[in-house]
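The two complexes that follow have subunit A in common; it is paired with subunit B in the first and with subunit C in the second.
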Partner chain A sequence: MTTFLGAVLAILGGVLAAVCGGVGSAIAVGRVGRAAAGVVTEDPSKFGKVLILQILPGTQGLYGFLIAFLLFNQIGLISGDIAALQAIEPLKGLMYLCACLPMAIGGFVSAIHQGNAAIAGVGIVAKKPEESGKAIIFAAMVETYAVLALLISILAVFGIK
Partner chain B sequence: MNETEYTYAVARIRANELNLLSADDISQMINAPDKSSAERILADKGWDIPDGNQFFDLCERELDKAWKLISESVPSPELLEALVIGNDFSNLKAAIKCIFSSVDPKEYYVIPCITAPETITKAITQADFDILPEHLKAVAREAYSAVSKHQSGQLSESIIDRASLETKLAYAEKSGSPLLEKICGLSAAAANIKTALRCVSMGKTKEFALDSMCSCSLNNEELLENAESGEKTAEYLRTTEFDFLADSIKESFTAFEKFCDNRIASLIRETKYDIYGADPVAAYYFAKIAETKNARIILSAKASGVPADAISERVRDMYV
Partner chain C sequence: MAKLKMKYLEIIVPVDESKRIFDYLQHRSVIELKKHDETEGLYALNSGRTPAQLEKFCDVANDALGILNKYVPESKGLISSFFSEPEELTEKEFNERAEKADSVLALCYEICELERKAAESLTAAAKHNALRDGLEPWLNLDLPLNFRGTDSSSVFIGTLPSDFSEEALKTALAEKLEDGIPAVEVISHSKERSCIFAACHSSEKDNVFGALRELGFAYAAESESGIPAEKSREFEAATLSCKAEADESRNKIISLAERREDIRFACDYFAMRKEKYESLNLISSTQNVILIEGYVIENKVDNLVKNLEKNFNAAVTVSSTEDDEDAPTAFENKPFAAAVESITAMYSMPGKNDVDPNPVMSIFYYLLFGIMLSDAGYGLLMALGCGFAKFKLKPKGKMKKTVDMYFWCGLATIFWGALFGSWFGDLPNVIATRFLGREPLSVALWFEPVQDPMKLLLFSFLFGIIHLFAGVGISFYQMWKQGSKLGAVCDCIPVYMLIIGICPLAVGIMKPDAAIPPIVKTIGTYLLAAGAILIVLTAGRSSKNIIGKLGLGLYGLYNAASGWLGDILSYSRLLALGLCTGVIATVINTLGTIPENPTVRLILFIPVFIFGHIVNMAINLIGTYVHTNRLQYVEFFGKFYEGGGRSFTPLAANTKFFKFKED
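== the complex of A and B ==
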């Protein structure tokens, strides 16, 4: 166990990035989906517009998956390189774990809030479908912070030697 | 209940808000040359208008459609029954009055309601109150005995009115909608203020007046002591949380009722941009009530040839 402590910490970081991003996206996409279904019940012609809003908070799940994939590739988990995994010192493993936290926390929080902005956007589409572009922009603004979290996690994962 | 459970319902409500009457629609109706032109504006907004062969109350029909929409959209419609439970009590009142006067109550029943009017008719006709739901059982027995034993229609009505307000308040508390609680609280207080003023002006005993008033956040005894005139009531109200009602009660009952309706309109406008919770759903139903109230005022005024200026004075503020 002690031999793999570094690897375990690193894997935990990847798992957190994937799970937190995924859970946040699942909650948000589900909520926006409910709101979108409400609008489509009344006016099926608005399906395309509300679908875009529903997709938006799904990206955090992808970003989390990307970080986990890059990290697992970096530490040799995907290739099954046991020697490389054993070689990860606990301190290095802890650094990998910390490198994943921006994506895990930033992904979860931004997904939930992007979902809220997208639900409000669904309300705009319901009442003023001609303004749907603005509704998408409001929700997309939250994406900035998910992208920043993704970038910092990528830089950190690749920066650990 | 988790507020996000209402997301679907709120989105459906937002889509349906497009069909609510706007201030412009109301103004067009007021300035319409006759009743049928005003009805055409309503028809354009999706209202069912009775033709020569149909007889139905178009306002009740609209409220029934709104309640059906709410019931099928929210996760637990029973939590929002405070919106329509008052109609059960109106129907009970109609049943007792009609059955004791040997008139068919069918035409006097209002919709939407929770209890089937047929059940109320059967319960009153056979004096079998156990077939009624819990919220009507005791009040039906008491109101029935007020008429059958004491021959007092007025007492029967005051028993039902009080029970109606108290039930609405109790249902609003369990609804999880702060807006619904606030509006039911305001309605109960407004009803008590009117009852106190009426009872004092008609020389009713203190006991009768207190029995007719429901429990609300106002102190009923103090209210009654200050109900000699509109001015005195206004002074008393200024010392309570309902100080905003003080000026309108000095004017007249009509002004007071209009002010209360406008206050409700301003409360529901606060939820216009909410995305979660039961408040936007409740707000939609109150908006429909305001809309139907205005439609009724305008259509009856048009039928009697009341000039546009006089109608404008009576109409309530709109949600849209």
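== the complex of A and C ==
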């Protein structure tokens, strides 16, 4: 049992990254979708513009998935390498867990706030569709922090040898 | 290749030429009108029709066109309609068609009226149909539903809220009426209700009614007099005739489909007229002459003035707009740079002192886009798709610029993808190892980011620094040109020194195994120190006293250091988004090749490959577009761009379906 503790901690880290990112994105994309549906009932031609806004906070889920995949690939979970999984020391597993935390927390929080910015952006599209580019930029400003979280998690996962 | 210079024109023509010259200017779309400042002694031109009226006409024409398109869809492909070319009209052809516009408008009204009639007929048909359905349970009754009996008899026709057969109803009534039951008949019955007929002598009316009420009896709807079967036939006939009327109206509309071209013209014509009448209040007039003022792009002035003086009895004054804060701006660039004009315009048009950022920005835009998408396969698809659109469909105007932009972005993506060895993720490797049974291979011309992310992170910062330095360079050029040469030198050179000086030290810290010659580090240290001192000495030059100078200088150094740190770190997204595309593409390939059996593997791989890569490409395209814009807007433009300008919007014929031939 103890032989797998390291692997369990590492997998927990990957799972956290994927789940938190995914849940945050799901909440945010869902909220933007509701706002977007309201605009489309008034004017179906704005579908394309609000769709982009809806997709924007979806990237955090993708980033979380990415971290989980990279990590699982590195520790040999994807290839099913039992010996490699057993070889992970508990402390190293804990390091992997910590490496995933920036993406898990940063992804979850930034997704929700990016969603809120995107909802406000849907309002811009409703009233001034020609300014939809600016609405996209507002939402994208929040994404910076998801990208930074992704980056630090990637560097940490790659860095743990 | 830059921002276009504007000239200010004042045109004076006799009142009786006003309509002709106004049309001329609108059809040429060369002048942005501006209202004359002095209003004394001048009054606005009056027009018979108001813009609101014309807007109504325009709406009617558009509605009519929409109705026609609903019944007789145009046989045009989706893509070709996207790129469809407006028809070219000469002035003469336009005038010929314009004469018919009012009769076409009548036609549009007729189409809308026919559509309204058709809709009404359909509603009536539905109503009659519903009435007929309501009579369905009563068809076997040979009395009118509202028949209540004769002098000596009482008749009850109505419903009970549960299922009764004739026997069951008789039993139920017998329990309640001791003196014998009335004559009853169940016309029809279902689970929800029974339709019944009962008759009795009028002296027993109250007893029978009471018994029936206890069972839940309610009279049938009274309004219909007439035998149900007959009424039903009448309703059916009415339904059919209403449907026929609707069809007739529709057929009339369909027969008008050949006038579609005329209606299209009317849409544009009335939209144009509306725009014209909306602009009329920008024109001043006296008893005898009108005064038209506005901005014209410099290189079109000579031709315009020549034509105006030739065709009209006009006096034109041209003046410079050097000191005019309100003058609008327009871009003119080679196609390579023109493609990103809309990106700049989305941020803001250049202000009075800004240069046109597009030529410098375009190169960086494509390259940064390429690093972030960073998959040669996706780049190839983009470049091929846009190349096809460019040469086959020949888009014009804005659409052409967009296609151009994605074409160049695609090429840059191929470039970076090839350097990083990413073709649809690790497709070459997957084919080699999983389908051909060869050794793993890498096709990277430079290196694979996944193998050494730290290296690409450092290069991302380097690309960022080059991008930002270009921005500072433009700022230098702008300040120098405006005569603030000291400011240009003091604000730009020390920053260059500071950042260049810090690079070897930062690389040494972030990548300890990188071999940096000690001499470079030493030079770097001195450059850094010199830059920092220069900033402290010069950043406070606007302050009068020595303490203020020092304080502002230190603050300037802090600002430069923290601002640049944030700006440069922001370029780490180049690595993050690049990795994101590549790794997810690799995941897709891995998922597609899970099965051990080679045939099953191939069968699974093809759909997974197509679907997965389409989704990945779409998501990453959006992300890349957004983040490239951000790097341009926040980091690059932040270094030099003021913005706040206004786009040149001439009085024009903003038509959808035709355009004027240039003369």
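Note that the second predicted complex is superposed on the first by the 161 of 161 C-alpha atoms of A that agree within 3 Å, B and C clash if a C-alpha of one lies under 4 Å from a C-alpha of the other, contacts with A are read in each partner's own complex, and residues count from 1 in each chain.
Keep this in mind: contacts are C-beta pairs under 8 Å (C-beta built on N, C-alpha and C of every residue); 3 or more make two chains touch, one makes a residue touch a chain.
Given the structure is predicted, the values throughout are model-derived calculations rather than measurements.
When both complexes are superposed on subunit A, subunit B and subunit C end up sitting side by side without clashing.
In the superposed model, A:Leu155 makes contact with subunit C only, not with subunit B. Counting the residues of subunit A that each partner touches, subunit B and subunit C differ, and the larger count belongs to C. In the superposed model, A:Arg34 lies in contact with subunit B only, and not with subunit C. After overlaying the two complexes on the shared chain, residue contacts for A:Ile119 are found with subunit B alone; subunit C is out of touch.
Contacts of A:Glu42 after superposition on the shared chain: subunit B is touched, whereas subunit C is not. The least CA distance from subunit B to subunit C in the superposed model is 8 Å. For subunit B in complex with subunit A, the touching residues are 4, 7-18, 73, 273, 275-276. Contact residues of subunit A toward subunit B in the complex are 31, 34-39, 41-43, 116, 119-120, 122-123, 126-127.
Within the complex formed with subunit A, the residues of subunit C that make contact are 346, 453-454, 457, 569-570, 572-573, 575-577, 579-580, 583-584, 587, 590, 619, 622-623, 626-627, 629-630, 633-634.
Residues 52, 55-56, 58-59, 62-63, 65-66, 69-70, 78, 133-134, 136-137, 140-141, 143-144, 147-148, 150-151, 154-155, 158 of subunit A are the ones touching subunit C in the complex.
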